[in-house]
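Take a look at the structures listed below.
The same chain A turns up in both complexes below, where it pairs with chain B and then with chain C.
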Partner chain A sequence: MSALTFTLKQPTDQRIDMSPLVCQKLQGMDVDAISAIELQNGKSRRRVDELFYITGMNTQEIIIAYSNNKLDFIGKELDGGSISVQGDAGAYLGMQMKSGTINVSGDTGLYAACEMKNGLLQIDGDAGDFLGGALPGNKQGMKGGTVLVKGNVGQRAGDHMRRGQILIEGNAGDYCGSRMLAGTIAVMGTTGRYLGYAMRRGTLLLWNQPQLSATFNDCGSHTLAFLPILFASFKSLNSRFSDNNAAFNRVQRYGGDMAETGRGEVLVRI
Partner chain B sequence: MALLIKLAGGHIYDPTQNRQGEPGDLFIRDGLITSAPGTDAKFDQVYDLSGHIVMAGAVDIHTHIAGGNVNTARLLLPEQHRNHVARRLRTALDRATLPGSIDTDGEPVDHPFSNAKWSTTDTGYRYARMGYTTVVEPAMLPINALDVHLQMADIPILDTAALAILGNDDLLLRLMRAKASQSQINDYVAWTLHATRALGLKVINAGGANAFKSNARHFALDDIVPDYGVSSRQILQTLQTAVCQLGVPHPVHVHCNNLGIPGNVDTIVATMEAAQGLPMHLAHVQFYAYGNEGAKGFSSAAAQLLEAFNRHPNITMDVGQVLFGQTVTISGDVIAQYSRHADASPGKWVMWDAECEGSGGVVPYRYREASFVNTLQWAIGLELFLLAEAPERLFFTTDHPNGAPFTAYPELIRLLMDADYRQAYMARLNQEALAMTLLPNLKREFTLTEIATMTRSAAANLLGLHDRGHLAPGAIADIAVYDPQGCGVSIQMPDPFANRAKPDYRAMFADAALVFKNGRLMVRDGEVIARPAGHAQTIQPALDQRIERDIQNHFDRFYSLKLNNFKIEDVDISRDDHQRFQRVGLL
Partner chain C sequence: MIINGVTIDKTFAEAFPMKATRAIITAQNEKWAMISAQAMTGFATSVIACGCEAGIERVLSPNETPDGRPGVAIMIYAMGGKGLAKQLETRAGQCVLTSPTSALFAGIEGGKPIPLGKNLRYFGDGFQIAKKIGGKRYWRVPVMDGEFLTEATTGMIDAVGGGNFLVLAESQPQALAACEAAIEEMRKIPNVIMPFPGGVVRSGSKVGSKYASLGASTNDAFCPTLKGVTKTDLSPEIESVMEIVIDGLSKEDIDKAMRVGIQAVCDLGAANGIKRISAGNYGGKLGPFHFHLQEIMA
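On to the complex of A and B.
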């Protein structure tokens, strides 16, 4: 069975809420039923077949072609199956997803992997602000799963993050790991200002020396046996994180944020 | 051309004129109630109200509808708004949404800002649907006055007013430390009422917010504010005297010390004694009717409080009833709010300090039926209502949103008016707590006249708003008409009492059949059909303008704000000042 493919007919002026088009909601539906689903498009509601050409049958393998940054809530609450986005994605990509995989060939907007629970989300381009964060007012962001970004990420990556891992091959913006409760963020590139601002627990694993706030304490250099195990767990990823020469076990360790409980750590490769 | 309207044959409840439900006609001319115009009069509109209940528009004397704390609470709880929108979207998906149809909240889906939860529009609409036409924000910190007035100006339909807070501000305490004369303090109070366009004066845990900065975590009536050397009692009495001497109709509106602490009934009784026989209003007294007896050290002291209340005819009180469900507590009493920040549900809170004037806190809270403490609070509030001998001195509030949101008023009215319903309701509450109260044995039921007294005539009187709260000729035509059959749009819950002879007072008071504001029809069958702007009621006592020199000096030294930006003078609230602000007469 070929993948169920939604090809955007033409870019829309208004944003589209894609949350109805996830594998578990489409399971068992035929093309006519899927065509008749109404999507919120700005203030109006439009049928799926008004907006997209639909081909293929396999609802557990969805492709969104000619996607652009106005397509919000792709893969919201995804529970199994895969979604492949050809192009860019809008805000709230993979919000609260429970399992399955999402792949984006381009960039994503704000709040990708927002409050994600499990599964794998891979972004080949850049990600916007609040990657893996919590909705405003909520106290816990990403709670599990893996996010892999091959490009750069915006500000506040991992804001309020509770569990899971965010792997960034490029650079991270300001406030990376802010208000983090737990979990792991690895950044191969550079990081911005206010790294780990108000983080309580959790690990920031860095390839390059960051600019640290006064509320982080230098805890000396360490050889950590868990790092090779962590890197081994990346082997299945299609990423520079799985390269043999990416792994290291020798780090400088900083503890903080001492303005909070101070049980978080920043590990920098040496 | 004069517009003449006749409301024919309704059962009129107006305690001011001693009308207790006899059918009669009301006449409206040019927004005012007028006497019968004679047999040859030609009416522009006639409403047949036979079988309906007619009252003046209701007046809420204590409801936090605008200001810094309210906005902070909105910002703290964006999920309320998100859930509201999600609920609406679900409803829209469930069935085709037609203009004028109703969503699950009983809210018309197409009114302006209907997607915004807890907006100013929402506040105006929901109050109007219940038949309220005047509401008072009781806690306007002077430095937030502009924010309060801008928000109130944005509330449609309702007339509003605000009480300015003093008692923790640096300037007053400095004046008192320097042994300033009472007349100097009167001038400062009068100047503040002018500058903030207030209707009266509020005192919140006098001196407490200032002592909090010196790490005080308890502050009683005779405690001394560190560095200033004045006691809470002295501050309270000085401000009370000022309000009396200035001739402000609404007595000083007091939030006592030790809010919410077991055994605090002693504090509120001591505050009554401290009132020197002069008028004083004590706010949300349910939170002060607490004893410290019983196995859990928490008990009802409602009877003790009411005994003292009966001995002090100079005192008025409002209840601050607790009802179950999610709400958010907001208060300028930073000591009380900080002491319960660990109970925040959901677990997030804000404490803040405003420059030179006071502080406060926002703590979300859920009152739970199974909880011993919450059930006891609920029962104590109802005990106060049902045991009070003077309903004209005891007012109907939930201290919105602290005890419950104002949208729960119809539920509270039903609890007061229907003993069987109350009895049935108690079955699902914490029985250990109920056993400690008199409530299970109280059979009293409020009459419609008593409801009209508490929520209309006495309330307007207490505020000095003599043009409303009654239906005598000359009053502004703020009128609420209720259908005992229930006309409303609220979703009716399955209810074992639905088939009884006694009306479902909750449904009746939730959605008025008709509501007039200044003679204009605002609500029909529970739906808002017009949204004109209301007026703010203000008081302008006389003062010696020389006080402004001292205030100017204080501002220049200590405030980041310029005095001219602090005063509400040329505020652009889309209408001229004389259209927005109405002056209320002095005593």
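On to the complex of A and C.
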């Protein structure tokens, strides 16, 4: 059975709420029923078949073709199955995702993986601000799972992050790991200003020396036993993180944010 | 049945259900992993007074351990889950957490999770760090030599304890040499431990005692110095009896271990003073697992 494919007929002026088109909601539905689902498109509601050509039948393997940055909430609360986005994705990609996989070949907008609970989200391009963050007003961001970004990420990656791991092959913007509660963010590229601002716990694992705030204190250089286990867990990823040469276990450890509880850490490869 | 001049008694070893777990201890090198493992499995020969039975299962090469360092697999057996959990935690805290460069990991996937480092983390006094990696939770506890890394839980499963056989020889050195040969072979079998010192016990017990406060006492029927004063099970030429006790994750595991162990003893044969192989049982009333020697060696 071929993948259920939604091919965007033409770019829309208004944003489209894609949240109804997730594997668990489409399970057991035929093409007619799927076609009749109404999506919010700006102020209006439009049938799926007005916006997309629909092919294939496998509701547990969804492809969104010719996607662009107006398609919001792709994979919202996804609970099993896979979604492959060919092109860019809008805001709130994989929001509150519970399990399964999402793969985006292009870039994503704001709040990708926000409040994600589990699963694997891979972004081959760049990600916008608040990757893995919490919705405004909420206290906890990403709570589990793995986010892999092959490009760069915007500001506030991992804001209020509670658990899980965000792996960034490129650079991270300002305030990476801000207000972090726990979890791991690994950045192979560079990081911006105010790294780990107000983080309480959690680990920022860096390949390059960051510009640290005065509220992070040097704890010295160490060989940490958990790092080989962490890197071994990356082996199944299609990423530079799975490369044997990427692994290390010797780091410079900085504790902070001392303006908060100071139980977080920045580990920099040495 | 006679193998190489050694009589295999038509009897059976009687074993009983236990709860078991396995843990993996790693360290900077095999020497320190073994030191930690020996400490953790010390004073754990018999549930009669130790609270558990524990032993080293085998040495692990770096590519067999979670953190890629040399390691040792140990197993602990107890009569109940609560007792096992308490023994595991106490021993891990006093013998592995304290041991230089050590790390501690689960050795059984599945089963009922019981705390391994889950509560040891409080030693970190708030500085401990949790890491969930690949679906498993680890704790990083800051200690004076760096960090103690431990998995939060390990698995507890149903197991079998008390498999045994007796080696009856013409002299004490010959009995010990036969038992040493048996243990060397039995240690190659996975999923079993022989919890007594060096794997061998010279003070096999019977249930009960003339003293009301004791639940077990010397197995006088197999004591060579009592041949003339008790209802003995020994012929005149037997001067020494030693026992090997086996705990295993399943009856089949104990079967295998007994087979290779008895075979190693029989390989020495009557020419080396080994006369009989027997086993300890309680008439079939104590445990549901019966290991019939002649069936095992058939």
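Everything that follows uses one rule, which is that the second predicted complex is superposed on the first by the 270 of 270 C-alpha atoms of A that agree within 3 Å, B and C clash if a C-alpha of one lies under 4 Å from a C-alpha of the other, contacts with A are read in each partner's own complex, and residues count from 1 in each chain.
Keep in mind that, in the parts below, a contact is a pair of C-beta atoms (placed from the backbone, for glycine too) under 8 Å apart; a residue touches a chain by one contact, two chains touch by 3 or more.
The shown structure was predicted, so the numbers you read here are calculated from the model rather than taken from an experiment.
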Partners on chain A (chain B, chain C) - clash or fit: fit
- prompt: Once both structures sit on top of one another, what is the angle chain B-chain A-chain C taken between CA centres, to the nearest 10 degrees?
  reply: 110
Message: Per the contact definition in the header, classify A:Pro11: touching chain B only (first), chain C only (second), both, or neither.
response: neither
- prompt: Of the partners chain B and chain C, which touch A:Leu135 in the superposed model: first, second, both, neither?
  reply: first
Task: Report for A:Gly42: first if it touches chain B alone, second if chain C alone, otherwise both or neither.
output: neither
Superposed model, chain A: greater residue contact from chain B or chain C: C
Message: For A:Arg163, using the defined touch cut-off, is the partner it touches chain B, chain C, both, or neither? Pick first, second, both or neither.
response: second
Field: Distance of closest approach, chain C and chain B, by C-alpha atoms in Å
entry: 21
Chain B residues touching chain A - in the complex, by the definition given at the top: 76-79, 82, 89, 346-348
- request: Within their complex, state which residues of chain C touch chain A.
  value: 66-69, 103, 126-127, 129-134, 138, 140, 146-147, 149
Message: So in the complex, the part of chain A that touches chain C is made up of which residues?
response: 144, 163-164, 182, 184, 201, 203, 222-226, 228-230, 232-233, 263, 265
- request: Flag every residue of chain A that touches chain B in the complex, lowest number first.
  value: 40, 135-139
